[in-house]
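Next come two complexes built around chain A: one with chain B, the other with chain C.
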Partner chain A sequence: MDIVYSFINVLVFILCAPLYDGIMRKITARVQSRQGPPVVQPYYDILKLLGKNTVNSADNWSFKLAPVAAFASIIAVVFLVPFAFKQNFASRYADIITVVYLLTLGGVSVLLGALSSKNTFAMIGASREMVTMIMVEPVLAMTLILGAVKFKSLALQSTMYSVTSFGYSASIIAMMVVYLLALQAFVGKQPFDISEAEIEILEGPFIEYSGPNLALFKFYMMMKQMFYAFLFIAVFIPFAETGYYIVDIVIQLAEMLGVFILIALIGSTNPRLRIDQAVKYYAVLIFISICAVGLSVKGF
Partner chain B sequence: MNTIESVTQTLKSKFGDAVKATETPTGNRLVVDIDGAKVKDVSKEIMSLGARYMVSIGYDNISRDNTLGLIHTYAFDKEQFALMLRMSAPADNPVLDSITPDTPNAGWSEREYQDLLGFKFQGHPKPKKLVTADDWPDGIYPLRKDVPHNLVPPAAEDVAYQLDEAPPGTTTIPIGPFHSSLHEPNHWALYVDGETIKGCDYRGFMTHRGIEKLCQTQLSYNEIPFVAERICGICGSVHACCYAQAVEAATGLVIPKRAEFIRTIMLEIERLHSHLLWLGVAGHLIGFDTVFMQAWRVREQIMWFCEKLTGNRKTYGMIIIGGVRRDITPEIRSELETICKNLEKEITTIHKAVAGDTAIHKRTKGVGYISKEDTIKWSLVGPVARARGVDIDARKDHPYASYGEVKFDVPVVDSCDVWATVLVRILEMYEAIKIIRQCLQKMPEGPILLEVPEALPAFKHMVMMVEAPRGEATHYVITGEENRPERWRVRAPTYPNLQGVPSMLMDNQFADFPIILGSIDPCFSCTDRVAVVDVRTGRKSLVGKRELEELSRKYKK
Partner chain C sequence: MNTDIYRNLLIALAVLASSAVISPILAGRRKLAGVVNFLLTSIAGVILLVVAYGAIFGEGEHAAQLISFGPLGIHFLVDGFAGLFIGIVSFMAIISAFYSIEYMEHYPEYHLRWYYLCYPLFIFGMILLLTVDDLSVGFSIAWQIMTISSYFLIKFEYKKKENVRGANKYLVLMELAWLLVLVGTFFIGGYHFGDSMHEIVQKIGETGGVYLYAMYGFLLVGFGFKAGVFPLGQLWLPDAHSIAPSPISALLSGVMLKTGIYGIMRTFLFMVPANATFDGMTWGMIVATVGVLTLFIGTVQSMKQSDAKRLLAYSSIGQIGYIVFAVGAAMVMLNVQDPLIKTLALIAMIGSLFHVMNHAIFKGLLFLTSGSVLYATGTKDLNKLGGLIKIMPVSAVIAGIASLSIAGMPPFSGFSSKWTIISTSLLAGNKVMVLVIFGIIALFTSAVTLACYVKFFGMMFTSVGHEWNVKKEVKEVPAVMLIPKIILTLVCLTQGLMPFIFYRVVINVFQRSAGSIVQGQYATYDFSQMLNVSLLGIQVKDFYTASVSAAAAPIVVLIVVACAFLISYLFRISGGSKEVTAPTWLCGYQELNNLNRYTDKSMFAALKNLLWWTGGNGKNQ
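And then the complex of A and B:
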């Protein structure tokens, strides 16, 4: 029966992801002394895009496949995570490597779409996206591996909520700092929205996409943001487990809202970095995250 | 220290008969007539005296002596005078030596007259088409008098500008004709190795509106300021003022003192809102939209004020030959004082926020570097030059309006990068507020408009410089017989600065292209003013004589 929880996961993520995006836009607008669009604007955007014709400007199958693959991969991730502390049917068969693989698959789909569109700006965007993936993925992996080392198991539920059993240690604190520093890069917001940089490469990988395909990519990006916000609260602040499923969902959603407010504030008060500057920054993050895992092996 | 006399002497003694005649139309202008064959050497000599090349002016003299005229203009900034080097070439074989190898900034001017008048310049390093459309037929030179202003040659298919060859091992990234970092149509081809820029080619002049030709053939003296204002969407008053001053100086008109002060106030208001606009755009170009929104919010009160004063947020229609059209009433004056106070507070806040933001430093420091020597060599102007430690400012060097009577500083920073241009522009805003305040205090009572005589003397030459927010705007006027100029040449500050951009881009990151190009505050429409008819949009978009009259009548009521 616990497969129901998986479907609830997907439902909650699909319903809430655009809302969080709308809230971020509203906060950004307020920081900029603007009125801003209504918080439900992202829903309208998605619906509008879904109602348009599909234009296959690259004329090959990979171009059409990419948005679907990206969206499917993020749905799969959401399907198997133990949202609201609830182990579900899928998370019993999956482990942290599955999660990392599926997230990477989403990124690879974006690359696939960009490269098959044969647009110069998309190519630049793709190469930047690739660099970002290579440099940021280790931080994600280390975050999950940290719990795995503590538990000596790769199981999803236990590693993700390791703090509930082991409490805070030096390694967890270090990893939390790294995660916060990498947060903007995970969600592709300023100062790390480098691969989309609309001012020089015009949304980069997505430049040739329109209509339903673009809607899928947009939805993918919003779901991805929400997943990274969830991962943060699950791994680093897994408190207030009440045992009542609905209440836990509400609490976790509220905590995520906090993460999104943080993302919006950082995003609206920073210029975009260049890819060469960002790479140096990521390198430091990778180094610290490896150190954190090292510490946890030593038992700190 | 050069003086008009010493420069005249030097040229006469060095080149003897090649210097045919000299005259000084006003105390700070020197006209030197030379033999066209010696232009290269004479120009080199003038540059070695420490002059700064401004612009060249070509004109059609065929009806009088069957020649085409060409004038190179130079400014002696510290010595506060300008030199006009005048020569001619026979119309059937208009060949002159190019001065571009020694004075790189003359490159565009010479290419322009190749396109528009049929000049040939020997030794030009890049004699490609510059101004006319790609499908403009060969052999029709639009600025010649026998070509009607409304000529529309048939459009041709399959003609395109041939870009420069890309350096080996690079890929070409097309930026434009429409691209979100450009804001106006023009085309850059960037040759990049990875993400490092290794070269570029520029094709601009895509929205020619034929303003110069139109004004020389269709409009009258006092209609031109309104068209001049429409050259640029931001620094309109600058062009109107520069044109009006050139005509006034050429014909010896002296405008009332109060009008001079009002002109100064208008120019400084324009500088304020232009710099705020730029700061916003610069923020946007480095992906920092909060700076963008806040700077434009602050700017908005100036726009509202201008609407109150002139009826328009932009394109004020204030300046005409002989003075200005609207007075500053005590009510308006007190409002302007309040706005100055608010602005000073807000700009201080922005200044602190920007100066203390290390992330902005990361994106701007060391980016777009060009050395002081290269800046001087390329004759760059305005904040772009002042950010490279070159202390030039037409307001100080060639005082006009009432700038001689107010105290202000010219901020100069010498870190030679984009960050310096940010700093220079922010500091200039404080100076602009200072100038407006002094003007309001010192402004005498009296008339604001001079009765302009029916007929102005013909064939007087005059060059006039006005410091626009983007740098020095230069207008050259040759007065004419039919109540309109014989020749009117506009050179906006972007014209020289854009030519320096390739050196700034070299070896920078592709991601920095928007902000490097943005750092000169480019105004492509300002450079595009010249040619005759845009075959794509057609001439119907122009404001005709009758419409202009109707408009001005409507607003006089």
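And then the complex of A and C:
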């Protein structure tokens, strides 16, 4: 029966993801001394896009497949994660490697869409997106592997909430710092919104997309942001487990709000890096996270 | 049963030999020769598949057998382990022969006599190499037949100078590899030419000390040459694989490299005496390190290529790295005194052979795809291709499936095998730290593999470009070239969705291969205690608490993703929006043309610059 929790995950994520995005837009606007749109603006955006015409310049089926695949992959990820401490059916059929690969599948779909759209700007965006994906994926993987080596298990529940069993250690703290440093790259916000870079390459991979296809991609991005916010609170601050499911959901959502405020503040106050600068930065992060995993194996 | 196997093996070899006689005679009529070659190869292949089945699933032990050819007696051994590789070789040989019929038509300026002489001999040599049970006479004959026939196949387009150079290099280095293996055996005390493997193992047990290190070292380098491990593979593999006709590239990469893996595994799992003269930990570490270096560097180099077949060739080095790494990691884990880790070693071993099977299929498929594109457009330069998805939809779908498979996307085939390899090394990392680091590198490399194939697929089938660079009219390849690819695709999908079949095959293989250091463990270990293999997928359980500690269930993932697809599709059509078309928008200043395309040089440039030190940057032809 634990499959019910998976469906609740999907529902909660679909309902809340645009709200968080709206809050971030509001905060960004305030930091920049603007009024900003209402927090429910992302819902309006998506609903409006769903009714708009699709402008298709690509004339092939992969262009239309890509947005559906991207959104589907993030739904699949959310379906599997143990949101609000609840072990769901994924504990028997999936582990962290599956989740890492499924997240990559979302990125691949974005790339497929970009490559299918025949636009040079989209290709530039795709190339940058792929490089970013390659460089931050190890950090994501190691965040999860850190718990895995302690537990001798790759199961999602135990690796994600390893702090609840083992407490904080030097390796967890190091990894937390790395995760925070990589957070903007995970969610594609400044200073690492290099692959979309609105004013430079015009939304990169999404330049040719419009209407419902764009809505799917936007939704995918919001869900992805929410997943990474969730991952942070699950791995690094998994407290206040009350045992009441609904209360746990509310608490975790509230914690995520904190992460989003942080993302918005960093994002609105930083300029964008160039991809070659970012790659060097990621390389340092990878190195530190490998050290953290090493520490974790040694029991620190 | 036992005599049946050897009789069938000889019949199949005779059929292949007859094909080498008949097909070249008919070579004047190109298609007829192709069909005859295909039919005879199929007959031999089917017999060999029966042999393989018998060896893997048949009753009883399979003893080695001395078969005399006149004055020459050669030891043969067809055990489960050889059976698995025989199965792969013969299956790919049939597919490739089928594909050759039409494909070879696009070389009108070359005669096919040599091709159809060498094709069956190449298969003959590989089968012989897998079945001989010595490291001297039979081994040398088999190696030479395989090497020389493949040399002529690689040199097929002999009018191009660089092809001849590449082929010559291949020949020289493969002869060197052969010498290395022969020299290696001289370090065994009391070794005689013609000794069977069984006698060799006994003598290794009596030899001690530093000689053994030299022996294993020479054999590792020799077979490593063949398998294409770093840095040896880089010397010959990219050239040889990219210049050969595509069905041959598929065989070279999908199958022939596996004979090197076969040699490495025979050396370190079978040629090991029961007493403690073998330093498994050290050799395991060496093999695992070689494997990780190979998988990382091969794949990163692959990302830098702009020639489709060179990209695939470098990526073969990378995938071989995964297999070698799994073998090494398993050897390390076997030598850790912990029942949990020892069982993980067995699972890692399954992963390596599973990846051997998967790689044979999807890499064969990818080479056949690039062959189809070459056939249809006349070029394999990614910068000149693009936008073929509309013209060659079937090939595009097949290439997409193969690309996702090699990148290890669930639920495609690379996922299960890479998952097995990576998850076991991560789980064992608690005792052996270096395995965690290796596992992370393998996971990272998997993302780089993805980048390679995003590029491969993207620049060939999606994006834009062939309309400006390909002069002739491009059409989808004919059905006779699609059918073998479709068959391979179906196998590939099966491998992805039903890993349990292949797990069972590999477990059977190890249970039925006498003399390996793991046979006893496979035979007696109660796998169900830790490894749950079912229709739904693979689960690794914790040794003590019996809770699931790692799981890969491609079918479940498929169902979840399929439902998610449905949701997102419904979401898209919910607004009832209509579709209109418009030209590509480049800020209104430019039309899309050949000059403002995004070429390979810029693709992933930041990452290429960061990883320039891995080499392979070379002049991309």
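Just so we're on the same page, the second predicted complex is superposed on the first by the 299 of 300 C-alpha atoms of A that agree within 3 Å, B and C clash if a C-alpha of one lies under 4 Å from a C-alpha of the other, contacts with A are read in each partner's own complex, and residues count from 1 in each chain.
To be clear about the criterion, contacts are C-beta pairs under 8 Å (C-beta built on N, C-alpha and C of every residue); 3 or more make two chains touch, one makes a residue touch a chain.
What you see is a predicted model; the values in this text were computed from it and never measured.
Novice: Applying the touch criterion given at the start, work out whether A:Leu202 contacts chain B, chain C, both or neither, answering first, second, both or neither.
Specialist: both
Novice: Answer with first, second, both or neither: which of chain B and chain C does A:Gln190 touch in the superposed model?
Specialist: first
Novice: Given the touch rule stated above, what does A:Leu154 touch, chain B (first), chain C (second), both, or neither?
Specialist: second
Novice: Looking only at contacts as defined up top, I'd like to know whether chain B or chain C touches more of chain A.
Specialist: C
Novice: Looking at A:Lys298 after the superposition, I want to know if it touches chain B, chain C, both of them or none. Which is it: first, second, both, neither?
Specialist: A:Lys298 sits against chain C, while chain B stays out of touch.
Novice: Pick one for A:Tyr93: touches chain B only (first), chain C only (second), both, or neither.
Specialist: second
Novice: Contact-wise, after the overlay, does A:Asp276 reach chain B, chain C, both or neither (first, second, both, neither)?
Specialist: both
Novice: In the overlay, answer first, second, both or neither for which of chain B and chain C A:Gln32 touches.
Specialist: first
Novice: Just checking: does A:Thr120 make contact with chain B only, chain C only, both, or neither of them? Give me first, second, both or neither.
Specialist: Touch status of A:Thr120: both partners.
Novice: Name the residues of chain A shared by its contacts with chain B and its contacts with chain C.
Specialist: Residues common to the chain A contacts of chain C and of chain B are 120-121, 124, 202, 275-276, listed in rising order.
Novice: Which part of chain A faces chain B closely enough to touch in the complex?
Specialist: Touch residues, chain A against chain B: 28, 31-34, 120-121, 124, 190-191, 193-194, 197-200, 202, 268-277.
Novice: Any idea which chain B residues touch chain A in the complex?
Specialist: The touching residues are 171, 173-174, 179-181, 195, 283-294, 297, 357, 359-360, 362-363, 509-514.
Novice: Can you list the residues on chain C that touch chain A in the complex?
Specialist: Interface residues on the chain C side: 340, 387, 389-390, 393, 396, 404, 407-410, 415, 419, 422-423, 426-427, 429-430, 433, 436-437, 439-440, 443-444, 446-448, 450-451, 454, 457-459, 461-464, 536-537, 539, 542, 547-553, 556-557, 560-561, 564-565, 567-569, 571-587, 592, 596-598, 602-607, 609-610.
Novice: Spell out the residues on chain A that touch chain C in their complex, using ranges where they run on.
Specialist: Touching chain C: residues 47, 49-62, 67-69, 71-73, 75-76, 79-80, 91-95, 97-98, 100-102, 104-105, 108, 111-112, 115-121, 123-124, 126-128, 130-131, 133-135, 137-138, 141-142, 145, 148-155, 202, 207-208, 211-213, 215-216, 219, 275-276, 278-280, 283, 286, 290, 293-294, 297-298 of chain A.
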